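Letters A, B and C mark the chains as written, and numbering starts fresh at 1 in each.
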């Protein structure tokens, strides 16, 4: 792929500054990694270092500083960068065939233009919609329903009866519909008997699930991930969780069973929750937050136990004052003792 | 499946109130999800909301409130719910055949009534007991011994020489017997040389291991999980850990190497421990606890570093008093300054 | 394997005390697990309990206490133990054949003395160096380059275009080159559009990656793990992370995207970081540390937010003094009130 600056400015619908007609751009890369034939971008706070980049041309916003090298000005440099990635590296083309090395049950229904790669297993009565791509070693259990234009990377497991919408992406090794962690304990013997997890998992349209993430099936009914919600690697969702639309769940988050989460909620990394709580819409949780109670909509929480972020910051600041406080109280005690005499 | 209220009351050995002879129950579901042809249950604290459920019939304990709809009273509503799940959804029937698409080494010993599904690998000298079910893409290494009536879901790895008891359930993607994290570091060069992990993992009877959980093999000897212990998703057990019987280990718990844990211990989510410690019987650890020392039997610990739960609660309460304390000390300083004058 | 004490002392280049010519050693094991025909070792603080071990012979350092049983004295007992593990249990011998049950694309280049086991998938234009071992169910994507003498255990995924050095060990279920977690959010609709992850992952020589660990591919350029770095189970490395040489990353660590880490850095279990920061050489982070800013070289940090370990210890000590402080201030208030009267 070779592009002139003018071609790139046109592609991005941007304004070109300091044109260099001889420059041929051959790739796109980050601020630090880019070389003289690469295009890169910057947004605050990195924009102040962008003069240090070796990129041949930068994508910047109109209000960003002037540079003495080629710049393409656009409204949203981050979106332009995403478009450049698509331009310079076409998505890997996958041949749409059903490999003779895959196992596809006779009763499975496979749509048009589907790829099923070697050693994938599609079980009885499973359905796969048009334009979906199934990589090697994927397991699709009995009666699973899969929508159109899905992509499942290697080693994915989808257990029986789960329902997957359209345009769902499952990264490698994730497990959809594993048995929930439900037991009844005999108080005398301490023995835990497993409760049959008779429900399923429903992933709505445009959901993405990260590598080795686990979403447990419901005890009865469905564990649900709402449309457009994106989940990172190594996340755990317990049985009967219901997540809303367009949430972001970052790596290592653990959500216990029977938690209901609204729309547009963001969980930063390593957050954990107790079970059986309700979290409203538009909430944001800082990294490592431990959520122990219901949370109202539009909350920004942090800490363990979770509290409003401002309170948490204040408490952290107070914490750093204890040393000082100890000294002050010692002085006071001495002064008061003198006064008493 | 269709059941009358009387049939259900008999099945649960319970007492029927407000019988409706016309009502045909066709499913079982949670309090919120259940509809007019479903049976559901409630236990405290949810029992106070059970009049809001749309379930056609509720299972409650004798002491729970009266309802103006059908109720079946039983001693243990949770156990009754588990029994209803088994009644309304029979466990998936798996055909007991060895797929010609599986790889089974000539020297492997396979018991009676065993299922081995497509693309499973059973290596040399491995043994699989009667009535066990091996899903697709499971790897059973050389010399592995597996008991009777086990179920291994897709993508499970069991490395060489491990020993698995009877009625063990391994959820998808878990790794039993991966190499432990053991290195010897050359102090001059900083280079880490790996220590051969020559031992194995032993899972005793009725152990259950969650999706994508990792249990490392011992350096020498065995990493052991005691009979009846249940482990959730994405848990890490280090090399040479020894867990007792009937423990519960919730998602994202990480137990470092050479830790010994007694019987009936519960680790809530995201707990972590240092290595080379001993934890007694009947302990409970709250979520996110960081265990840095030996813990005596019958402890209820929380916080990081871990301490008795009551102490942790008190410290958390004290923390919230610092703001107040700062104000009080300021007032005192002013008053004492005046007094000094 | 049967060895006399003299043979073992010679093998370890150590000095033999309390020789027992009749003793035949048949195995090597830990201090607690070893029996009368086993050799074991101890280092501080365990060395003080080594008289309680049932091991037939102990490996100790010259300065360790005398025992009334056979002892082999060496400079580094831990290194001697590693050598004994290699002696008593040879590494599993893997037959170097390409299984007819594997899928190897016609355009893949396979070196000499390579094993590719059943149901492994080697995609188009992938390269595998001499002496490498690929276990069952491993997926090697298009254009992946793999060096010499690598070992990839079952269920490993290596996505397209990744580059793996020599002598790299990938434990079961790890995912190299999964798509990074990158989205552009439409502020009006809340919809997240995925940013094509066009880069790859580079693992340098002698890297080891733990079971079910996930290392995401870069958005552009490469996510890099430096030579000799060892990563434990269930770790998450985000897109565009660059780790130095000879680091140790313990289980459940989560490193957000675009983090640069120096050489010889140790992350203890369950550490988390924000993205876009730089961590210097030779740093050590205690368990559960939350790293929220750049960290200079040679730091020993702990706590959340991360701070120097000494500060963290002091703050933890101060915390425990709040109860006392509350009492003192109450006494002061009473005394001052009296004085005011």
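Just so it is clear, a contact is a pair of C-beta atoms (placed from the backbone, for glycine too) under 8 Å apart; a residue touches a chain by one contact, two chains touch by 3 or more.
None of the values given here were measured: they were computed from a predicted structure.
Chemist: How far, in degrees, do you have to turn chain A to put its CA atoms on top of chain B, rounded to the nearest 5?
Modeler: C-alpha superposition angle, chain A on chain B: 120 degrees.
Chemist: Since chain A and chain C are copies that touch, is their contact same (over half of the numbers shared) or different (under half)?
Modeler: On the two sides of the chain C and chain A interface, the residue numbers are mostly different, under half being shared.
Chemist: From the mean C-alpha coordinate of chain A to that of chain C, what's the distance rounded to whole Å?
Modeler: 25
Chemist: Among all residues of chain C, which ones touch two or more of the remaining chains?
Modeler: 119, 137, 155, 173, 212, 234, 252, 270, 288, 319, 322, 325, 329, 332, 336, 339 - these are the residues of chain C that touch more than one other chain.
Chemist: Which of the residues in chain A come into contact with chain C in the complex?
Modeler: Those residues of chain A that touch chain C are 27-30, 33, 46, 76, 78-79, 81-82, 85-86, 88-89, 91-92, 101, 117-119, 135-137, 153-155, 169, 171-173, 206, 208, 210-212, 228, 230, 232-234, 245-246, 248, 250-252, 263-264, 269-270, 287-288, 316, 319-320, 322-323, 325-326, 329, 332-333, 336, 339-340.
Chemist: Provide the residue numbers of chain B that touch chain C in the complex, in ascending order.
Modeler: On the chain B side, the touching residues are 103, 119, 121, 137, 139, 142, 155, 157, 159-160, 173, 175, 178-179, 181, 183-184, 190-196, 198, 212, 214, 216, 218-222, 234, 236, 238, 240, 252, 254, 256, 258, 270, 272, 274, 276, 288, 290, 304-305, 314-315, 318-319, 321-322, 325, 328-329, 332, 335-336, 339.
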